[in-house]
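Should a chain be cited, it is by its letter among A, B, C and D, assigned in written order, with residues numbered from 1 in that chain.
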Amino acid sequence: MKILTILGSSRDNGNSEYLVNQALEGIEHTQLRLSEYKINPITDMRHTEEGFSPVDDDYESVLTDFLAHDLIIFVTPIYWFGMTSHMKLFFDRWSQYMRDDRFDFKMQVHGKKAYVVTTGGSNPYVTGLPLIQQFGHIFDFVGMSFEDYVIGNAVKPGEIKEDLLALDKMKAWNHTFKK
Amino acid sequence: MKILTILGSSRDNGNSEYLVNQALEGIEHTQLRLSEYKINPITDMRHTEEGFSPVDDDYESVLTDFLAHDLIIFVTPIYWFGMTSHMKLFFDRWSQYMRDDRFDFKMQVHGKKAYVVTTGGSNPYVTGLPLIQQFGHIFDFVGMSFEDYVIGNAVKPGEIKEDLLALDKMKAWNHTFKK
Amino acid sequence: MKILTILGSSRDNGNSEYLVNQALEGIEHTQLRLSEYKINPITDMRHTEEGFSPVDDDYESVLTDFLAHDLIIFVTPIYWFGMTSHMKLFFDRWSQYMRDDRFDFKMQVHGKKAYVVTTGGSNPYVTGLPLIQQFGHIFDFVGMSFEDYVIGNAVKPGEIKEDLLALDKMKAWNHTFKK
Amino acid sequence: MKILTILGSSRDNGNSEYLVNQALEGIEHTQLRLSEYKINPITDMRHTEEGFSPVDDDYESVLTDFLAHDLIIFVTPIYWFGMTSHMKLFFDRWSQYMRDDRFDFKMQVHGKKAYVVTTGGSNPYVTGLPLIQQFGHIFDFVGMSFEDYVIGNAVKPGEIKEDLLALDKMKAWNHTFKK
C-alpha cells in the first residue's frame, strides 16, 4: 500500500498539514506539496477537433506521482467553503489526462483509497459539508473508495492542537495505516 | 443597478455563457472573462508579521471591476462537482484584499446582489447542489444577497439549447433585470 | 405509464398541491393524500428473531397503490427543512415491506420514475437542498430514477401563483407527461 | 446546565442510544424516548381564521420537558437518509406551539445548546450529511447553538462498539459535560 499525501495549502506547516503528519507518524509515504509545482488552469479542449494540447508546466510529474500510489490523502484547508485553488487546479486537469493515451487514467484511479483532511473556521463541521460532498461525488465518479475524512476546527497557526477529537482521529488512522 | 458577469469557464461560447447571454439580452452590463486575466493562487500570509505582499498579476483590475458593480452574475461550468479553478482563484484572493486598506472590501461587497449560472452533466440537478451550497455560504459570509441560480443540463457545445427550463428561467431573469 | 401523486401535506389545496395540479392538467393519474390514511411509525424489528409483525393501519393499501404505478410524484411542503412527517412515515415503513415476502418490493420499485414537488419559505432554493439530496439518496438506494424536482417559493395559501418559474416548470412537465 | 436526551429511535438499546449513553456516563440528565409518547402529525392551521386547535395526544408534556432543559441531545438513527418519523413528528409540531401563547417558545428555545447523535449504514459519513445540514438549518432558524454531532457507522445491534472514533468522541463530550 503506497501512500501519498497531496497538500493543497498555500502555507507551510498549516493546521491541515499538522493533522496529516500525526496520522502518518512512523509511516512511509510520499508528500506532494502542490504549491511547489506550476499547474496551469485547464483549457477545455474536449469538444475541439484537435483535442487537448501539451501544457508547459509541472502537471505530468504531479499526476505520475498520484497514479503511482494506492492510498491518497487529500489535505486542504477550507478556503471560501471549498478546497483551495491549488487543489482544484489539480483536479480540473484530470479532464485532460483522462483523454491522454499515454496515461491509463481511468484504470489506474479506479479502486484507489481516498482520505480527506481539511480544517477551517466559521463552524466548519457544518459549513465544510458541501466540500465533503464534492469529494464524495469526485471519488464516486472515478471509482475511488472514500475511506474517511476529518474536519478540523482551526484557523490560526497551531490552533489545531486544541481540537482533540481531530487528533484522536489521526491516531486512529495511524493505527489503521500501520496494519 | 450596474451589472457584471464573471465568466469562469476556460472555453469561449460555452453552455453557461450561452445561458447568461439570454438573461442579459438587451441589457447593459460589463463582462469579465477570468481566463483572459492572469490570477495567481493566493499565498496565505494572514498570520505572518509582514502580512500579504503585492502580487504581480491582473487581480487588482479584476477586483476593482467587481467592486464597482451592484449585481454580479457568477457564471461557471461544473468542473469536478465544483466551480472552475479560474473562478476559485478569484474567490481565494478575497482573503488578501479583505485585509488591504486600499480597498474597502467588506463595506463594498455587503449588499451586492448575486446570481449563479452553472451547467454540467452527470445528473447536475443533484450533483451540482454542493456547489450551490458553497456559493450560499460565500454570499452569507460577506453579506451578499443570493438572488437566484440556474443549473443547466449540458456538456457538449450547444447542448444547453435543449434545456428549455433553464432558458425559461433566463427569460424571467431578463424580465426582472429590465425593471 | 401509470402516474401517481403522493401528497404529504397536512393541508388541502396547499401550494405544493397547486403546483402538481398544473403539471397534471389533462393527464390521467391517481392521487394519494397521505393525511387521509392512518400510517403508524415503524417499529424496527429487522434484527429480532420474529421479524416484523403486522400493523393495524392503512399502510398496505397505500403501498399497494404506490407499487402499482410507474411514475411517482412526491409532493411535500418543506416543514423544518425536510419532508413532512406524513411523508416520512410513508418512507420509514419501506424498511418493513422490503422484508415482507407478500410484496416484491425491490423488484417493483426498481426503475420507477420519481419527481419531487416541494414548496417553502426561508430562502427555499438553498435551505431546501438537503431535502433534495435526501430524496436523491433514497431514489439511488432503491434504484428509482430521479427525473426532476421543483422548489417553489411560497408559504401563505396561494402565494405559489406568483412563482412564475415554478409554474413554467410545471407546464414543461405537463408537456413531457403528455407524450 | 440541565441536560435532556431526545431519543427518536423505534428500537430500545439501539446503536445511537448506546453512543449517547457513553457521552452521559455519570452525568445527571433526563431522557425522553419519543416512541413512548403519542404524537400526532401536525395539521397546518397557520393560515386559517381559527388557528390551531388542541390535539389530544402527549405532545405538550414532551414539549414542556424540552423547553425546561438547556442542553439538548437529539438522538436518531438514520432512516432513509433522514431523521426518524418519531423525531420529525416532534419537530413538525413546533409550528403549532410557536404560535401558542401558553408557551414562550421562541424565547425559551433561543440559546439552547444542541448536539446530534446519529448512526447508520450505507456510507453514513457522506450520505448522512444532508441530515446534519437539516439540523443545522433548524437550529439556525430558532437560534439554538449547534455544538457538535457524531455520525456512527452501525446498523446491526451492537455494531457501534466497533466504531472507535465515535466512541472517542463520546468520551470527549463526557469530559465537556462534566465541566
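The working rule: contacts are C-beta pairs under 8 Å (C-beta built on N, C-alpha and C of every residue); 3 or more make two chains touch, one makes a residue touch a chain.
To keep track of the chains, here are their UniProt names: A, B, C, D = Flavodoxin family protein.
Values in this document were obtained by computation on a predicted structure and should not be read as measured data.
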Chain C-chain D contact: same residues or different, taking over half shared as same?
same
Mean-CA-position distance for chain D and chain A (Å)
34
Between chain C and chain D, what distance separates the C-alpha centroids? Give it in angstrom.
24
What are the residues of chain D that contact at least two other chains?
129, 133
Overall pattern in which the protein chains touch one another (line/ring/star/complete/other)
ring
Contact set on chain D toward chain A in their complex
123, 125-126, 129, 132-133, 136, 146, 148-149, 164-165, 168-169, 172
Footprint of chain D on chain C - complex, ascending
9-11, 14, 35, 41-44, 47, 77, 79-86, 88-89, 91-92, 94-95, 122, 127, 129-131, 133-134, 137-138, 141, 156-157
